[in-house]
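In what comes next, subunit A is part of two complexes: it sits with subunit B in the first one and with subunit C in the second one.
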Partner chain A sequence: MSEAIQYFQFVLAPQMLIGLVLGVAVILVALGLTIIFGLLDVINMSHGEFYALGAFIAFALSSVGLPFWLLLILVPLVMLPVGYLVERGLIQRVFHSGDRHVRTLLLTFGLGLLLEDAFRLVFGPNPHRPETPITGGVEAFGIFVPSYRLFLIVVGAAIIAAVAFVVYRTRLGAMVRAAAFDRDMAASLGVPVQHVYAGAFAFGVALAGLAGVLLAPIYSIFPTMGRDFILMAFTVVIVGGMGSIAGAVVAGLLLTQIQAIVSLYISPVWSDPIVFGIMVVMLMVRPQGLFGRLGHG
Partner chain B sequence: MLVIRNLHTHYALSHIIQGIDLTVAAGEVFGIFGRNGVGKTTLLKTIAGWVKPTEGEITLNSERIDGLNPDRIARRGAGFVPEDRRIFPGLSVEENLTLGYLQVPGRDAAGDRAALAKVYVRFPRLAERRQQHGTTLSGGEQQMLAMARVMIGTPKLLLIDEPSEGLAPMIVADLFAIIKEMKQSGCAILLVEQNVHQALTVCDRFAVIERGQIVLSGRADNAAERDKLLTTIAV
Partner chain C sequence: MVDALTRSMRASHVLVAILVAASLAVAAFGVATNDTFYLRLATEALIFAGLALSVDILLGYTGLLSLGQALYFGLGAYLSALVLMVIPSFWAAFAATAVVAALAGLIGGFIVNRVRGVYFALITFGMAQVAAKIVYNTRALGASDGLIGVPVININLGIASVSSASPAGFFLFVLALIVILYALSAYLLDTPFGRLLIALRANEARIPFLGYRTMTPRLVAYVLAAMVAALSGALYPMLRGFVSPELFFFATSGNAVITVVTGGAGTLVGALYGSVLLTVLKSVIGSYTEHHLIVIGLLFMGAVIFLPKGLMGSVRPLIERMLAREPKQ
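Presenting the complex of A and B:
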């Protein structure tokens, strides 16, 4: 019995904790991605680079002495107008064209490449590792948890809850869901649909930026960090249901736990192929994902 | 109130509305009749801003609204109840209703609450089902919700497309009672309806559209003009 408890404490629980931290991180990035898709029907291929942009802005500002805690507020605030301008200045230019999906996908893909090269030019190709703002750890039920990872789980859960509250419990959220389902009818009731779109895009980008600030102390900062992370975020969004907030949360937690368990019992090499395999199977048997799309009941 | 001059609307190369002129005064119900596919719904969609006109003018209370986005037209006082009701399935009855507040810029929260309370008194079934999702309601209740959602914004102009379609006679009677109330409150109403006899119980004037043009118009209280209408559309 004690062997089983020890196995749980020292082998399984730490691995599941790693999965949980990654899960919260992926959900933070996937939330913005799924809101943008659910509302605008746009697959934002530059979302990973906005996540990286948040991390690089935080890195640059911290090097001039701004504290991490201030950056948690400042970076999303900086990212909001960036996202708003990208939506109004770029996305809206091709939004009403017949082949909107292809055009917005290529446009955001190009923007992502541009940002990635800009990061390389400005910050160099090598990784930067910001200092961990909270050091040490706590022990609960015999399981050691690094303090910063615990902080990330708590803050991440709070952000996810706040986003869900705004989307499902406020009039602003009702406007977003209405515009996601039927833009013409929502507009005829007075919903300023174009501003809702731009605002939601900006919010998604700000969330990605915030994730960049939060995750940089764990995963480091480098020009292709967005590309690496966005694959998992896309998988979460597809499995959870494109445009579903609940889906992003459930799939984010589920898939990262699967990754963690596979790494432990099979091999870390198999963790990604198995998770991407789940995505492929999901697309074949239930293409709408686990949950319904934003605003679609 | 509503003045339309030489309105033309195209869907790609199809010329749907071909030079329509009409006016609707405050407190007046104007019926639009005609066969399917003649441009009745497109006319309403053009006024509501869902489709941009290619030529002509639409003014609401002396303000040009043609070419504006639908939300700006709604904020100028035009409410639209489309044919298929367009209830938001992911929103509760109350959330569907509260979206109607947005048509009244500047009204405070107390005003919004009072408007909601008034709607619940007029539509007790909606009050009972306020937490249910809109699309779990029956067809008649959904039509009531679509009407109530617009009424909560106290529109100056109401565009209604085929409100009685697929509804039981009792519900239709209730629906037309609401249209009458709206008319008495001073709202200008443009009503597209297949049920001509029912529509004529509330209409002051009417027009018949064929191939995107008005081919007949008249007053509902003029027996000769009514007869001509019924003969023209062979009811």
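Presenting the complex of A and C:
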């Protein structure tokens, strides 16, 4: 019996905790992705690069001497106008063409390539690792948890709750949901649809940027950081249901736990094929995902 | 009397003829200057043009965006490399690739054709990712190193034989093969089957009312695209002497999509010109700076916004008009 407890304490629990940290991180990125898809019907292929952009902006600002805590607020605020301009200046240009899915996907894909190379140009190809803002750790039930990871889980959960609150419990969120459900009807009821669209895109991008700031001390900053991360975020969004916030949370936690357990019992290198395999199977049997999407008219 | 679609296809043929003429000139120039590097680069451009062609069969005709065509390209490359290492015969490698690609395309087709639109793009993407990770982790396939030491082969053409090590000879051979792949695809897509695909893209719900199945043409188009991609991939190890898991990666699929969209989706010939254009751009910009992706990203975004029909989609109507005038003379 005590062996089982020890096994849990020293092998299983730490692994699941790593999975949980990754899960919260992935959910933060996936939330923006799913909101943008649910409302605008746009697959933002450059979302991973916006995640990286947040991390790089934080890196640049912290080298000027700004403290981490200020960056947590400042970076999303900087990302908001960036996202707003991208939506108004680029996405809207192809939004009303017949082939919206394909053309917006291609456009954001091009933007992603551009940004990734721009990072390499400005910051160089090598990874940077910012100092961990909170050092030390907490020991609970014999399990050692680095404080920053604990902080990340708490802050991440708070952000997720705040986003869900805004979308489902405020007037602003009601406008967003109305615009997602039926654009024309919402517009005729006085919802400023264009600003809601651009605003939601900016909000999603800002969330990705915030995730970039939060995760940089754990996963480092490098030009292709978005590319590796976004695959997982896409998988989460697809399995959870494109456009569903609850889906992103459930699928995010589920898939990262599967990944953590697979790494432990089979091999870390097989966790990716298994997770992507789940995505393919999900698309085959239930393409709308676990929770379906924000209702479309 | 030919209809507008057939005339468009003929205009594409004219553009291919121009490309072939230019390629022959390049080959002659290459032989005259005893060049290896640029002929090899041009051969690679043609091989990736084959991959782009397969993307265009799906995107330009059935309107389905595949983000995972590298799956079949990589499959063809690995299979060809494996066969060549045992039996150094082009025809053995080519035949094996054709058979396996048809089977893989059929299985893949059943999986991906369950969904439409944006989900199709995502499922093709997911499948290619799974394959890429499996190859990357399988030691028998060389894992992250890939397979090295694919032998130089002599391709027996009956009357003559071409060595894969001869820059000009192999370039011309690849050119001939890609043109044949183009011609076969173009022929198939100009039959009533091709019209059915165009109708599918326009309005799938109506097709059953006209008495046609929707699943069969989709599947056939998908298998055709898989075979074109795999057969192009099969040429890769003959050119480079190795294969690496990067051939399966998203970057390979993504490049093919960029090629098609810039060159002109739905024209077939756009895939060929797009690949040449991209290769030239990469090598020209690459000689000044290593950041060629910025330029390509910008160019691609510009093409998506301002030139949705792509380069050949804008040039081809001129040729069509010339072709339409001719009979009156």
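Keep this in mind: the second predicted complex is superposed on the first by the 294 of 297 C-alpha atoms of A that agree within 3 Å, B and C clash if a C-alpha of one lies under 4 Å from a C-alpha of the other, contacts with A are read in each partner's own complex, and residues count from 1 in each chain.
Definition applied: contacts are C-beta pairs under 8 Å (C-beta built on N, C-alpha and C of every residue); 3 or more make two chains touch, one makes a residue touch a chain.
Everything numeric here is computed off the predicted structure, so don't read it as measured data.
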Per-residue touch tally on subunit A - higher for subunit B or for subunit C: C
First, second, both or neither for A:Arg171, with subunit B first and subunit C second: first
First, second, both or neither for A:Asp182, with subunit B first and subunit C second: first
Which of subunit B and subunit C A:Arg120 touches, first, second, both or neither: second
Subunit B versus subunit C as contact partner of A:Arg286, first or second or both or neither: neither
Contact set on subunit C toward subunit A in their complex: 59, 63, 65, 111, 114-115, 117-119, 121-123, 125-127, 129-130, 133-134, 136-137, 254, 257-258, 261, 291-294, 296-298, 300-301, 304-305, 308
Of all residues in subunit B, those that touch subunit A in their complex: 48-50, 69-71, 73-75, 78-80, 82, 86, 88-91, 95, 98-105, 133, 135, 149-150, 153
In the complex, subunit A residues that touch subunit B: 171, 174-175, 177-178, 180-182, 184-194, 292, 294-297
Subunit A residues touching subunit C - in the complex, by the definition given at the top: 43, 90, 93-94, 97, 99, 101-103, 105-107, 109-118, 120-121, 231, 234-235, 238, 269-270, 272-273, 276-277, 279-280, 283-284, 287
